[in-house]
Amino acid sequence: MPEHVYQKVELTGSSSLGIQQAIENAVAKAGETIQNMRWFEVVETRGHIENGKVAHWQVTIKVGYTLPH
Amino acid sequence: MPEHVYQKVELTGSSSLGIQQAIENAVAKAGETIQNMRWFEVVETRGHIENGKVAHWQVTIKVGYTLPH
Amino acid sequence: MPEHVYQKVELTGSSSLGIQQAIENAVAKAGETIQNMRWFEVVETRGHIENGKVAHWQVTIKVGYTLPH
Amino acid sequence: MPEHVYQKVELTGSSSLGIQQAIENAVAKAGETIQNMRWFEVVETRGHIENGKVAHWQVTIKVGYTLPH
Amino acid sequence: MPEHVYQKVELTGSSSLGIQQAIENAVAKAGETIQNMRWFEVVETRGHIENGKVAHWQVTIKVGYTLPH
Amino acid sequence: MPEHVYQKVELTGSSSLGIQQAIENAVAKAGETIQNMRWFEVVETRGHIENGKVAHWQVTIKVGYTLPH
Amino acid sequence: MPEHVYQKVELTGSSSLGIQQAIENAVAKAGETIQNMRWFEVVETRGHIENGKVAHWQVTIKVGYTLPH
Amino acid sequence: MPEHVYQKVELTGSSSLGIQQAIENAVAKAGETIQNMRWFEVVETRGHIENGKVAHWQVTIKVGYTLPH
Amino acid sequence: MPEHVYQKVELTGSSSLGIQQAIENAVAKAGETIQNMRWFEVVETRGHIENGKVAHWQVTIKVGYTLPH
Amino acid sequence: MPEHVYQKVELTGSSSLGIQQAIENAVAKAGETIQNMRWFEVVETRGHIENGKVAHWQVTIKVGYTLPH
Amino acid sequence: MPEHVYQKVELTGSSSLGIQQAIENAVAKAGETIQNMRWFEVVETRGHIENGKVAHWQVTIKVGYTLPH
Amino acid sequence: MPEHVYQKVELTGSSSLGIQQAIENAVAKAGETIQNMRWFEVVETRGHIENGKVAHWQVTIKVGYTLPH
C-alpha cells in the first residue's frame, strides 16, 4: 500500500432480493466504468414498500478505487 | 408525487432468522394499522446474544406513509 | 436486570458469505474469551472488492457482556 | 411553561413552490388531527428533480405539541 | 424476547425539580395511553432559565413499547 | 423502480438571491452534463457576508441520477 | 487570505417572514457590534407554531469574522 | 417571541455534588455578566475520577440569551 | 501531564436509584481491575420501564485511565 | 480542579506552513485578550488550494479557559 | 464569488511521511485531471501499522473546484 | 484478508512535539501488549495550553489488530 491515491464515488443500488444483492448490483454497475475498485462502505439502507411489503431494498454505498499512477 | 404529506413512525422488529426478516416483521406489523406505507429507513441494527450465539436480530426502522387528503 | 455493570468491546468480523456471517464470526471469536455476552450493536458495514465483486464483508460491532459480581 | 409533557411527530411536507410552503403544508396537515402544536424542527431538506429542474421540495420536520393534562 | 415488534414515541418532559423528574413525568404521561412500555432513551437535555436560575428542566426521550400480537 | 443503480454527486450552488435559487443554480449546472437527475439532498447551507449583509447564499447538495442500463 | 484568525459566534435570528429574513436579522444584529463579518453557517432551523400556523421562523447560525491584527 | 435575536455561549460547569449542580454553577457564573438568559442545552457530560470515585462532575452547556434591541 | 498514554473502556452501569448512581456503579466496578482511572465521558442514557415507571437507569460511559510506563 | 467554570470560544486559524502552525496562530491570537486558556479541541480541518497546491491550512478549534472567580 | 457552482470529489491520499504529505499527494493527483481546485476539507484520518509502527498515513479529503461557465 | 476477526482499542496519546508524535506514542505503547496491530483511526484531536501556548498535543485513536486463530 505505497503512496496511492484513492477516489470514492457514492452509489445507490436497488434490488427486490435483499440488502446484499442491492450492494452487489451497485458494485457491478460501477465496475462497468471504474477499474481497480478496492472497497465499499455502507452509508444508508432504505427500501420501498408496496402493498404492505418490502418491494425493493435500496442501499447507498461509497466505492473506493485506486487512481492510476 | 404532488402536494402530499407523509408521516414517519419508528419501529423495532426482531427475528431469529436475520436482519431482513426483522425489517419485514416490523413492516408487516405496521401494516395492520397503517395504510399507504411508502418507504422505510434503517436507523439501527442490534441483536440479542444467548449462549455465545446471535439469538435475535433487532432492527429499528422508520416507516413513511402518505397521510390521506 | 438488577444493578449489573456491562462492558463493551469493539470487533470487526469478516466473511466471504455475507453480513450476518461476518457478525456471527465476530461473536463466535469473542465468545472464546468473554463470558456472558448479552447483545451487539452494528457500528459500520464495509467490504473488500476483488475483480469487480464483493470478496469479503466486514462488519464492525460492539459486543456487550455482563461483568461478574 | 409548567410541568407540561410534549410529544413530537415526524412529517414530510412537499410543495412545488418551495421550502417554506412544504413546511407549512406539513404543519397544516398535522393540525387537522393534533391540537396545541407548539414548534417544529427541520430534520432534512430534499427535493424531486424532473426534466432537469426542481419539481417538488420535500422537507422533513418534527412537530412538537402539548399533551392534555 | 421472541418475534416482538416495538414502537417508539418521542416525548419531552419538563419539571422544576430536575432531570430525572422530567423523565419520569414524560414516562407517566405516556403511560396514560400506552400499554407495555419497555425502555426509554434520552435524546436531549435542555432547560428554561428565569431570573438567572434554572426554572424548568426539559428532557426529550424516546419511549419504546411492545405492540400487541 | 426496478433494479436501477443511482450515482450521487456533491455540488455547491451560490446565488445572491437566496437559498432556493442557489439550489436551482446547482441543479441547472449539473444538468448540462448529467442525464436523468432524480433527486437532491441538502447537505449544508452557508453564505458570504459583505458590508454587514448576506451577499451570497451557498448551498451544498447531493444530486442523485439514474445510471444507464 | 493570509495568516488571519477568525472567530465564530452562534446566534439565533427569528422572523415572521421566513428563513432568510431570520438569518438576515441575526446578521444585522451581529453587525452592530462585530466588524469584518465574513461568512455564516446554518446550524439549525426551527419555528414557533401558533393557532396551527408557523408564527415565527427561528434559524441558528454561526457567524465568522476576522480578528484584527 | 417577536423579531428577537439570541446569542449562545458555551460553558463548562463543574461540581463535586452532581450533574445538576454543575449546570447551575455554569448558569450562575454566566449570569454575572449576561442579562436576559433564556435557556440552556446540554452538550456533553464528563467527570474527573480520583481514587476510584467520581470527584467532579463536568457538564458543558450552551446558554442562550436575548440580545438587547 | 507529560507524555502519558491513556486507554478508554466503555461500560454501562445500571441503578434503580438514578443516573449518577448508575455512573458511580460503573466506575466502582471498573476500579476493581483498573488502576489510575482519570476521567469518564457519558455516551448514552437509557432506562428500563416496568409497570409504567422507570425501574432501572442505564448509563453508558467511557472511562479513561493512564497506562503504566 | 475545584468548582471552576470554563468558557469556550470557537476560532479558525490559518497558516501557509501547516496544521499545527494554524492551531498555534489561533491560540496566540486568542491569548491577546483571554487569560487562563486551558485546552483546545479541533473541530474541523480545511485548506485553500491555489495553482493546484495547498496554499493555506485552516483549522477550526474551540479554546476553553477558566472564568475568574 | 459570483454565481459559481462548485463540485466536490472525495479522495484518500496516503504517505509514509505524514498527514500533510498525504493530503498534498491527494491534491496533486486530483490536479492532474481537475482544473480550478479551490479548497479541501478533511473527512477522516487513518493509518496503516506495520511491525508496531505507523507505516502509512491515510487522509480522506473532499476537494472543491469551480465548474466552468 | 480471509475470515479474520479484528478487535479495536481506544487510546489517547500525548506529546509536546505534535499531532503525529502523539499518535506514534499511543501506537508504541499499545504495541507493548498487543500483537498484530493493523491500522488506526483518529477519533479526536485536542491539546493542553499553558502560558498561552500549546504545551501538549493529545490525540485519541482507535487501534485495530488481528485476533489470533
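Order of writing sets the chain letters: A, B, C, D, E, F, G, H, I, J, K and L. Residues in each chain are counted from 1.
In this text, a residue touches a chain if its C-beta (ideal position, glycine included) is under 8 Å from a C-beta of that chain, and two chains touch if they have at least 3 such contacts.
Predicted model, so just to flag it, every value in this text is computed and none were measured.
K.L.:
By the touch rule set out at the top, what is the minimum number of steps from subunit G to subunit J?
P.N.:
Steps on the shortest route: 1.
K.L.:
Looking at A-B, D-G or F-K, which pair matches G-J on over half of its contact pairs by residue number?
P.N.:
Equivalent contacts to G-J are found in F-K.
K.L.:
Going by average Cα coordinates, which chain is farthest removed from subunit J?
P.N.:
B
K.L.:
Suppose chain centres are the mean of their C-alpha atoms. Which chain sits farthest from subunit A?
P.N.:
H
K.L.:
For the two copies subunit E and subunit J, what is the rotation angle that overlays their Cα atoms, in steps of 5 degrees?
P.N.:
Here the rotation carrying subunit E onto subunit J measures out at 120 degrees.
K.L.:
What whole-number Å value describes the gap between the mean CA coordinates of subunit D and subunit L?
P.N.:
The computed centroid separation for subunit D versus subunit L comes out at 44 Å.
K.L.:
Counting in whole Å, what is the centre-to-centre distance of subunit I and subunit K, each centre being its mean C-alpha position?
P.N.:
Inter-chain centre distance comes to 38 Å.
K.L.:
Taking each chain's centre as its mean C-alpha position, how far apart are subunit E and subunit G in Å?
P.N.:
32
K.L.:
How big is the gap, in whole Å, between where the Cα atoms of subunit J centre and where those of subunit L centre?
P.N.:
Each chain reduced to its C-alpha mean, subunit J and subunit L end up 22 Å apart.
K.L.:
Give me the residues of subunit L that touch two or more other chains.
P.N.:
10, 19, 48 - these are the residues of subunit L that touch more than one other chain.
K.L.:
Pairwise, which chains touch?
P.N.:
By the stated definition, chains touch in these pairs: A-B, A-C, A-F, A-K, B-C, B-D, B-E, C-I, C-L, D-E, D-F, D-G, E-H, E-I, F-G, F-K, G-H, G-J, H-I, H-J, I-L, J-K, J-L, K-L.
K.L.:
Please name which positions on subunit B make contact with subunit C in the complex.
P.N.:
18-19, 44-49, 52-54, 57
K.L.:
Hey, which residues of subunit G end up touching subunit J in the complex?
P.N.:
So the residues of subunit G touching subunit J come out as 1-8, 10, 62, 64, 67.
K.L.:
Across the complex, what residues on subunit A touch subunit C?
P.N.:
On the subunit A side, the touching residues are 19-20, 23-24, 27-28, 31, 37-42, 63.
K.L.:
For subunit A, which residues count as touching subunit F in their complex?
P.N.:
9-16, 25-26, 29-30, 48, 55-56, 60
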